[in-house]
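Here it is: the structure, laid out below.
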Amino acid sequence: MTLIKQLANQDEFVGFYLLKELVVRQTNSTPPKDYLDIMLCDSSGEISAKLWDASTTDKEAFFPMGLVKVKGIAQTYRDRLQVKIIQIRPAKEEDGVKLTDFIRSAPIGPDELIHTIQRVISDIQDQEIKEIVSYCVAKVEEKLVHYPAAKSHHHAYYAGLAYHMVRMLELGDFLCRQRPFLNGDLLKAGIILHDIAKPEEMNAQLGIVSEYSTLGKLLGHISMASQWITEAAIRLDIDLESPKVVGLQHLVLSHHNLGEWGSPVGPQLPEAVALHHIDALDAKLQMVEDALLTTPDTEDWTPMIRGLENKAIYRLKY
Amino acid sequence: MTLIKQLANQDEFVGFYLLKELVVRQTNSTPPKDYLDIMLCDSSGEISAKLWDASTTDKEAFFPMGLVKVKGIAQTYRDRLQVKIIQIRPAKEEDGVKLTDFIRSAPIGPDELIHTIQRVISDIQDQEIKEIVSYCVAKVEEKLVHYPAAKSHHHAYYAGLAYHMVRMLELGDFLCRQRPFLNGDLLKAGIILHDIAKPEEMNAQLGIVSEYSTLGKLLGHISMASQWITEAAIRLDIDLESPKVVGLQHLVLSHHNLGEWGSPVGPQLPEAVALHHIDALDAKLQMVEDALLTTPDTEDWTPMIRGLENKAIYRLKY
Amino acid sequence: MTLIKQLANQDEFVGFYLLKELVVRQTNSTPPKDYLDIMLCDSSGEISAKLWDASTTDKEAFFPMGLVKVKGIAQTYRDRLQVKIIQIRPAKEEDGVKLTDFIRSAPIGPDELIHTIQRVISDIQDQEIKEIVSYCVAKVEEKLVHYPAAKSHHHAYYAGLAYHMVRMLELGDFLCRQRPFLNGDLLKAGIILHDIAKPEEMNAQLGIVSEYSTLGKLLGHISMASQWITEAAIRLDIDLESPKVVGLQHLVLSHHNLGEWGSPVGPQLPEAVALHHIDALDAKLQMVEDALLTTPDTEDWTPMIRGLENKAIYRLKY
Amino acid sequence: MTLIKQLANQDEFVGFYLLKELVVRQTNSTPPKDYLDIMLCDSSGEISAKLWDASTTDKEAFFPMGLVKVKGIAQTYRDRLQVKIIQIRPAKEEDGVKLTDFIRSAPIGPDELIHTIQRVISDIQDQEIKEIVSYCVAKVEEKLVHYPAAKSHHHAYYAGLAYHMVRMLELGDFLCRQRPFLNGDLLKAGIILHDIAKPEEMNAQLGIVSEYSTLGKLLGHISMASQWITEAAIRLDIDLESPKVVGLQHLVLSHHNLGEWGSPVGPQLPEAVALHHIDALDAKLQMVEDALLTTPDTEDWTPMIRGLENKAIYRLKY
Amino acid sequence: MTLIKQLANQDEFVGFYLLKELVVRQTNSTPPKDYLDIMLCDSSGEISAKLWDASTTDKEAFFPMGLVKVKGIAQTYRDRLQVKIIQIRPAKEEDGVKLTDFIRSAPIGPDELIHTIQRVISDIQDQEIKEIVSYCVAKVEEKLVHYPAAKSHHHAYYAGLAYHMVRMLELGDFLCRQRPFLNGDLLKAGIILHDIAKPEEMNAQLGIVSEYSTLGKLLGHISMASQWITEAAIRLDIDLESPKVVGLQHLVLSHHNLGEWGSPVGPQLPEAVALHHIDALDAKLQMVEDALLTTPDTEDWTPMIRGLENKAIYRLKY
Amino acid sequence: MTLIKQLANQDEFVGFYLLKELVVRQTNSTPPKDYLDIMLCDSSGEISAKLWDASTTDKEAFFPMGLVKVKGIAQTYRDRLQVKIIQIRPAKEEDGVKLTDFIRSAPIGPDELIHTIQRVISDIQDQEIKEIVSYCVAKVEEKLVHYPAAKSHHHAYYAGLAYHMVRMLELGDFLCRQRPFLNGDLLKAGIILHDIAKPEEMNAQLGIVSEYSTLGKLLGHISMASQWITEAAIRLDIDLESPKVVGLQHLVLSHHNLGEWGSPVGPQLPEAVALHHIDALDAKLQMVEDALLTTPDTEDWTPMIRGLENKAIYRLKY
């Protein structure tokens, strides 16, 4: 089965793919004819596809986020490859393909990620901090298994958010050993809580964010997470003005560093400074790694990456 | 009794003043001698004063925020007027002067301001919104009587915060009548809540802010007020994700309009847009009015005002 | 008759509309065929429409800014509704429809707006200020009846500019009563003069701006209005350097507040500070109100609004 | 006679200087004693000087902008050289010194500068443009002989404004020959008019600006000059909307290039683009030249120059 | 033969043109048909052209950067003129047309430009500076004959870079005469070296830049040129830390003035300040001149020019 | 012996300190008297000290960067502690104190730091990269032992630069293990080379930078290091345009990320992205750690830290 990333101009192919988006459109011909404008994806990337002369049956047979079997031909159109569909049908049970094989996922399985996060929580020595973290994680437990970390910016795939957390926890652990003046409990808690409200800020399925939620637009995930800590403290009967509660809220509120990046206050605890930079380092390096992975091996340069000041990344070979 | 604002170079005077700040310093002479570096203020303004050759008794007799009787002479030093103290003693009970006569205050009395705010709250028609507002106001009830609205930016005097609220409520009322699509309950609540956490963000006495609190620095009054709404909703058993709770939090979070001005989200409700602009209009006009009031009548230009892009204001006469 | 704002996908309808824009285009078919690409509008909004297979007669029958009778069907294309025209003909006299019924207009009639502005002018107590204002208003008297306040930013409809003035005058009147230190004559004059040169900065018809004028591009409406005051003073024999003339020019020049927003000087009179904020408040709230009015009631969010930092507005319901 | 620029630490000297500024101050000793804090200058630079133990006679004998004979000693204080005055008296007629020998002046005499400017005006071929330019120049004729071009930014000395004009005219002449598509009349007129209102924007004496005028603060020299063109056109009966009048106003209004630098519109005529860059080039090179001239030859680096992004200039030697 | 700049809607024409770009595309018809999407250019401008119903022969007959004979018709499509091709064939030798007649070129021939640059180099009086300049120029000798100065910003045509240098040298020469404190050797060398690495930063043919080189993206032409000076000094055995070498490197490194424009250091030599402003003046005026030349004479306004703050230029006529 | 950090108001003490700066000043008394204005420091911090009534002997006895024995009293002056010196004399050999005990140093000894750096270099697997790194390190070998990493921003102490490198190398090593797609040779080389020219950009002694060098001001350490790589490649006969040379230069040039922070190009290699963020993370955390170390334990807040957006750091205790 041909991976999308491997398709080249004029390739004919047959394979299973995830039909990610679907719109019925009309051609400009007279009279206009209906066609299906489709986005196919698999774990290696995604590609636009057209089914010309779509019949009424066609228009009723397909739905977004369903698996399909496609016979098609890849063609270059306006400098980008797209697929002209020759035949297409929904996948059947006997085809033996499953959804999760067709989406981009974190390189570590979701169960292992969640397990790691739970283990780190159980290692937090301060009981109150541990309970607050647990309370907040419990609010999104189900979604944390599969949510991406962002719509497209970075870690935009299945379990991307949990993967981002785990990598940051590894880095945080290293830094606490390198610089013992850092408070490990606070840093661990800050890493786990900093993006914990993202699953409520966005609506996502199979690692793909379709839109921001109304709550997400009106409050933003930073204020939401900070309020979850308030909620946790009240429910757990912990003083709202205690250093622990205020400290955790500060870590969450300040992790974007600057007002123009969404933080109402700047980092003023050692662990807050560390948290911001661990977050930045992990997100940026993941953007680089993901861009390289989804760029065909024949290309020296990745596409431009918005999160890296619109720079492309070069594969230096020597 | 001479008001500070009326003093001119070489004026000799006797009067009562509030000793606002006091530092013991040494002259550069050999051997250096102690002198008292004092800030005197009354309701018309403030002025720096020196007591040369301070005796041990002098150094023990005076405290910040106490009333004093001063005989002195006004002298120009580096383009600014200052006072050379000839005689000074603490005020006594029989002098019959009281602290509140010597501080700058809002032009409307604190009781009337609080009464107006309470009346507006009682006019809120939605029960849940009314209760949330009451809950938050109750947290700072005592301080609201006398707190300033800011350290120096605007309304920086006794009851300045309540005065700012009342003026904004008047303007909000006018706008709701001019544009009936605005929700009066939300706008009133937003005006009362937008700066409600300021008394916990700053430490102030007699309308004078001495410093920001640790809570204020780590969280900021915007996030604090938003969390008070969370707290109120939990205590009052109102759904945390209900439109009312989210709407009030949005009003508070967005009222500085931009991230670089401290708002983690921008205004996205009609009342949030109104709130931001009512706040700006009232604060800026008050800066203008206060600058004109504290500038000697003989000056055509006020000093430069930081909150007005560092512009001075001109008294146009025709 | 169906209002454009009420159309939904697959609706068939017949009605009269204003043909606002018209271009003859070719399809991509071989050989390409001509079709008419049309913008229809009525008082509730506007929508793109296509007449496929346009005959030579069709191409000659229609003109921009003419009324037409249309039978059509609404269809979703690329997430936006558009109209496929089944039949179209120019409106005839016996149809009894008139242009002004099909354009967006200020909610108050132009005559009443002009009357209000004239009444305010006659209330100005200072004779010279009154005469300067009258002189400048007279320069655009005819256009003031119907000009919009901007190309698309805000109040972009029939009599939008006069409506903006009137609303600002109401707000100015309220503020002068709330803060008696403001000079009412100057503030009224400033409100009327601040955008008075806009009708010469832009070319508009029926409330729709087609383009900026050469004068508008080379000088800008702010400098133009300031020069009209110069011109008025000379013609009325008032001293060009008198406080009144300079004050009015300052109000006009500074009303955008910052250099990057087009003001060569910042506000330095109390009335100039007030003018800037009254202008901002009224323009922003009108953007909100207009966006809500032209967004279908079924939508919770308006489109993004450029003048509100690209934020959309949410209809909060509880 | 020792030039100020040549003074070194511990030098004793006698000479005539211009007493530019004078303030009576008190020492911190007990009791404080009066001393004179003086700024001395000559054509090579300026230096701070103190007369300790000033008698009443001393305090009455000296005035700003008067010539004095000084015996003093140069001493380094806080990394800067200053003068301790041993003896000082006002200059007398028989001393044979004159004010203009003690101020910084343009390297070309004012008469020659004015003559050059008048000659260029007479070379303008279009009668209306010539008359408008003459009208505006006539408004400041007397001041143009001696005004500086700015308070401190560049050309801040006697006849600095006229000198800036003349140098720009030379450069403009070169460019018109290099690029014949430029309109020489417009460019000449633009160069002469672009800063023509500066003498009314600032108050200056002997090339030293003491402050901005009220007119200057409220309108700015750019808008003032543009209005002078309006005035000229009316007085000369030239159509206010004619291309010549609008073109000249555009040149003046746009010559600072960007809104944040004070221009309400950006350059949109070829000559306006040229004018902005000629102005920048001449001002920046003059800052460099003046900084090098007033920096002691023993220093490799000039002080930091605000107009050059706070960079210092280096004397490269090889 | 009709120049592209002169074409108007519905013009039929026959002529020779340079086929600058070529893509095979499909129509949206069913089944889709191939057509050629072509960019034609001549010395007066460029225009998009379509060959509908392209045969296999057609698809193989044409290549980018080849000359073609075209019979076509100009048609307005989406407010822009494009060409519908009726007939097209490659140019033959007997047609007697040559490539260089169809590209935009500097108004002075490349040989004369190179000759002028070489003459200026030979006039440099300091031997070491002269040799370093010669070494660097020799690295791009062949390309300097024909390279443009930029991809599209300014001087984007055949020999544009050499033309930019020559014009700047003329201006530099004028300034050295006007201000003798400038070091002519340094300024000449700086002008020649400042963009000398551009031919290695970009890949260009016939004055048209197709893309940036990998070296250009990773290092940028400013750092490259600076390193060429290092290389020259080592090869010529000149001390790397000598004032001459450091001075030349400083001129190159600082010529974009600000970090955000690509300069790692700001100008700190008089010649560096001059170089930056000469570069800006020449580039901006050339943008104006080129925009006017390629805009049809019937248009009063050029298109918007990115390098001029997105302003258009107006042809003022009086 | 009392550490400077432990001094409190009115403490009398005797001890050895490093006299870091010394200026002779005059008091404002009449006649003015000389006194010594001194900066004392030890490994815990620094403090201003005055020797009143300095005799000629005193003025000749002391030099910056010499050790002294001081008897003094700590006094608060304008909110800061300073020392009034009672007795002072230069340290003698028999006192047995040595300079390096009195300066702030990296927490790891310089020999160990250099040894670590050399070991990492020897671990680089690619011969050419290893040789280029060695060549550049050899240029500053002596200075690398003791240079600080910056004037005051971060790691501003003895061996601060080597310490910064070593910590970054540890972090780089961790990241290469966490993300194997990173090229370890390039990242190690980039970390060692990124600030390698700093010792030539600044003049420093005992970890204290006195000023920037002329070379540093004119070229900047980023361009200098990049040119050292050019020099190394030429001397080692490695192709200047080879991927290794260009890659190393890119790492150095891009490590400040943005033009406004001094990088002429942005990071476009995975290792360049990593290098920038490792550098930022290490520098910021070191600022935090150093600020906490030098702030008296009795203070909850450190002073504001410029490199952390002017935020202070809070010691959270629970």
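Note that the chains take the letters A, B, C, D, E and F in the order they are written out, and that residue 1 is the start of every chain.
Note that in this section a contact is a pair of C-beta atoms (placed from the backbone, for glycine too) under 8 Å apart; a residue touches a chain by one contact, two chains touch by 3 or more.
These numbers come from a predicted model, not from an experiment.
In summary, the chains found to touch both chain B and chain D are C, F. Note on D-F: across the candidates B-D, C-D or D-E, the interface recurring with over half of the contact pairs conserved by residue number is B-D. Of all residue numbers that take part in the contact between chain B and chain F, under half occur on both sides, making this a different-residue interface. For this pair, chain A with chain F, the centres built from the Cα atoms lie 40 Å apart.
With centres defined as mean CA coordinates, chain F is found 60 Å away from chain C. Between the CA-based centres of chain A and chain B the separation comes to 46 Å, rounded to the whole angstrom. Touching two or more other chains at once are residues 28-29, 214, 217-218, 247, 258, 268-269, 312, 314 of chain E.
The full set of touching chain pairs reads A-B, A-C, A-E, A-F, B-C, B-D, B-F, C-D, C-E, D-E, D-F, E-F.
If you check the complex, the residues on chain E that touch chain C are 27-29, 33, 35, 52-53, 75, 77-79, 300, 312, 314. Against chain A, in their complex, chain B makes its touches with residues 214-215, 217-220, 222-223, 226-227, 230-231, 234-235, 240-241, 246-247, 249-250, 253, 258-265, 268-269.
Residues 126, 167, 170-171, 174-175, 178-179, 181-183, 186, 242-244, 247, 257-258, 266-270, 273-274, 277-278, 280-281, 284-285, 288-289, 292, 308-309, 311-314, 316-318 of chain E are the ones that touch chain D when the two sit in their complex.
Across the interface of their complex, chain C is touched by residues 23, 25-26, 28-32, 214, 217-218 of chain A.
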